[in-house]
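Each chain carries a letter (A, B, C and D) given by its place in the written order, and its residues are counted from 1.
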Amino acid sequence: MLSETFKVRFYETDALKHVSNTVLAGWFEAAREPVFRYFTPEMDLHNWPLILASYKIDFLRQIYFGHEVEIRTGIQRIGNSSFDVLQQVWQQGEKAAEGVTTLVHFDYRQQKSQPIPPHIGEQLQALLIPHQ
Amino acid sequence: MLSETFKVRFYETDALKHVSNTVLAGWFEAAREPVFRYFTPEMDLHNWPLILASYKIDFLRQIYFGHEVEIRTGIQRIGNSSFDVLQQVWQQGEKAAEGVTTLVHFDYRQQKSQPIPPHIGEQLQALLIPHQ
Amino acid sequence: MLSETFKVRFYETDALKHVSNTVLAGWFEAAREPVFRYFTPEMDLHNWPLILASYKIDFLRQIYFGHEVEIRTGIQRIGNSSFDVLQQVWQQGEKAAEGVTTLVHFDYRQQKSQPIPPHIGEQLQALLIPHQ
Amino acid sequence: MLSETFKVRFYETDALKHVSNTVLAGWFEAAREPVFRYFTPEMDLHNWPLILASYKIDFLRQIYFGHEVEIRTGIQRIGNSSFDVLQQVWQQGEKAAEGVTTLVHFDYRQQKSQPIPPHIGEQLQALLIPHQ
């Protein structure tokens, strides 16, 4: 799996003194950057090739300020035009959250989905997580 | 269903000129405020009674700046200590997103879940959405 | 002054159980929406006419979850191409913060500032706060 | 000066395809973490020793997605109970923003400011930026 490490930012906590649940979708998006680059190596915002269809996040443990978090990213499913990204938040040796995001290869001008080109499919394949 | 209306804030957009997917968990949390009040009428941050276990959000249409969004909130399931909140984002007469959040009645001091008291269960019941 | 009222959102708090200082720039931006409309009545994101040059925010009191905030917005200075917006956060009858934001009438294509057209200058003038 | 490097996160952009101005207060807060540790080496959220009095941020250039930002942090002024932190955002070899934040050594229980202890003052002194 891909790995990205962040310091928890103070403003990402909430009044319960842990990380707000609302923050994780943003962390996961940030950690998907290498996957974005498969589709647009120059990160071209004028021809962005992906749209998000859904995400589900399970919160397993509270996440705290003062310790780094590691985000691990793999691919769980590759379809014709969509694929599922599995991501985990680890902190202090424990898995604290796990999420699955469905992304679609998308043409914003035509406002419709597009098949995933084979050379990108191969890159996603290399990140495929064996079924558990 | 409960209803809450927000103006989209400019900073909630991203470089794709629509609302960032990372914003919706926060909108849904904000719109659950009446549900929080069932559990803590004084919104007591020192004895907060709920923890979030998971959310899943499906994005059906792009959401844009310049038009209000309405968040509709109902209850989909009531268990012993947990319950599921169903929420929708509506913009310009169209359902743009739908999410389900699982919350748990929780004691942060003991770090364990608690049964939902009957008088709160009744309030949740009043928001129960008939199965479709 | 213009007035806009928000509920404080739970995720806008931080571990100190008050509203994070990082939130106010966003509240002020949201409350400047009527000023944006002077420059672009249709809120045209493809020809956005303003860029932000600076802001300064003074925090006078802690702001808490559970009570609404009112944002008051006026104009403090009108220059040739730039102007200063004065904004205040009020909560429970007390002024909790005050900020000044300098905005510039800007052409993103040419990447340069533009004089403020007279008909817009008049609208800003109507919000001008008399010197105290 | 202290240095901290971040990737720009996609959700930190706005519809103008650059980083939202509302994001910088959070970046600066995150980059002040070493300064927080002078006051509370264990990052003790139950006895947080600082409150923010004001910040001013000047935006010199647009900041873009796809390139890292470096935040440089130094001390500009040390008073009896307050001090000013000077911070800069650098991207692709250019200074893109500069801010000054006033922090106060603060006792949240008594709700009043406290003198900066000499051993902390010395640490701040070591980051003092010579007057330009």
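Quick note on the criterion: a contact is a pair of C-beta atoms (placed from the backbone, for glycine too) under 8 Å apart; a residue touches a chain by one contact, two chains touch by 3 or more.
Here the structure is a predicted model, which is why all the values come from computation and not from measurement.
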Farthest chain relative to chain A (centres taken as mean CA coordinates): C
Higher-contact pair (C-beta pairs counted), A-D versus B-D: A-D
Distance between chain centroids, defined by C-alpha means - chain A, chain D (Å): 28
Chain C and chain D: spacing of chain centres that average the CA atoms, whole Å: 22
Rounded Å distance between chain B and chain D, as computed from the means of their C-alpha atoms: 33
Of all residues in chain D, the ones touching two or more other chains: 10-11, 13, 15, 17, 22, 26, 29, 45, 65
Chain B residues touching chain A - in the complex, by the definition given at the top: 15-16, 21-22, 24-26, 29, 45, 48, 51-59, 62, 108
Partner chain B, residues of chain C touching it in the complex: 7, 9-11, 13, 17, 26, 29-30, 33, 36, 42-43, 45-46, 65-66
Contacting residues of chain B [partner chain D, same complex]: 10-11, 13-15, 17-18, 20, 22-23, 65
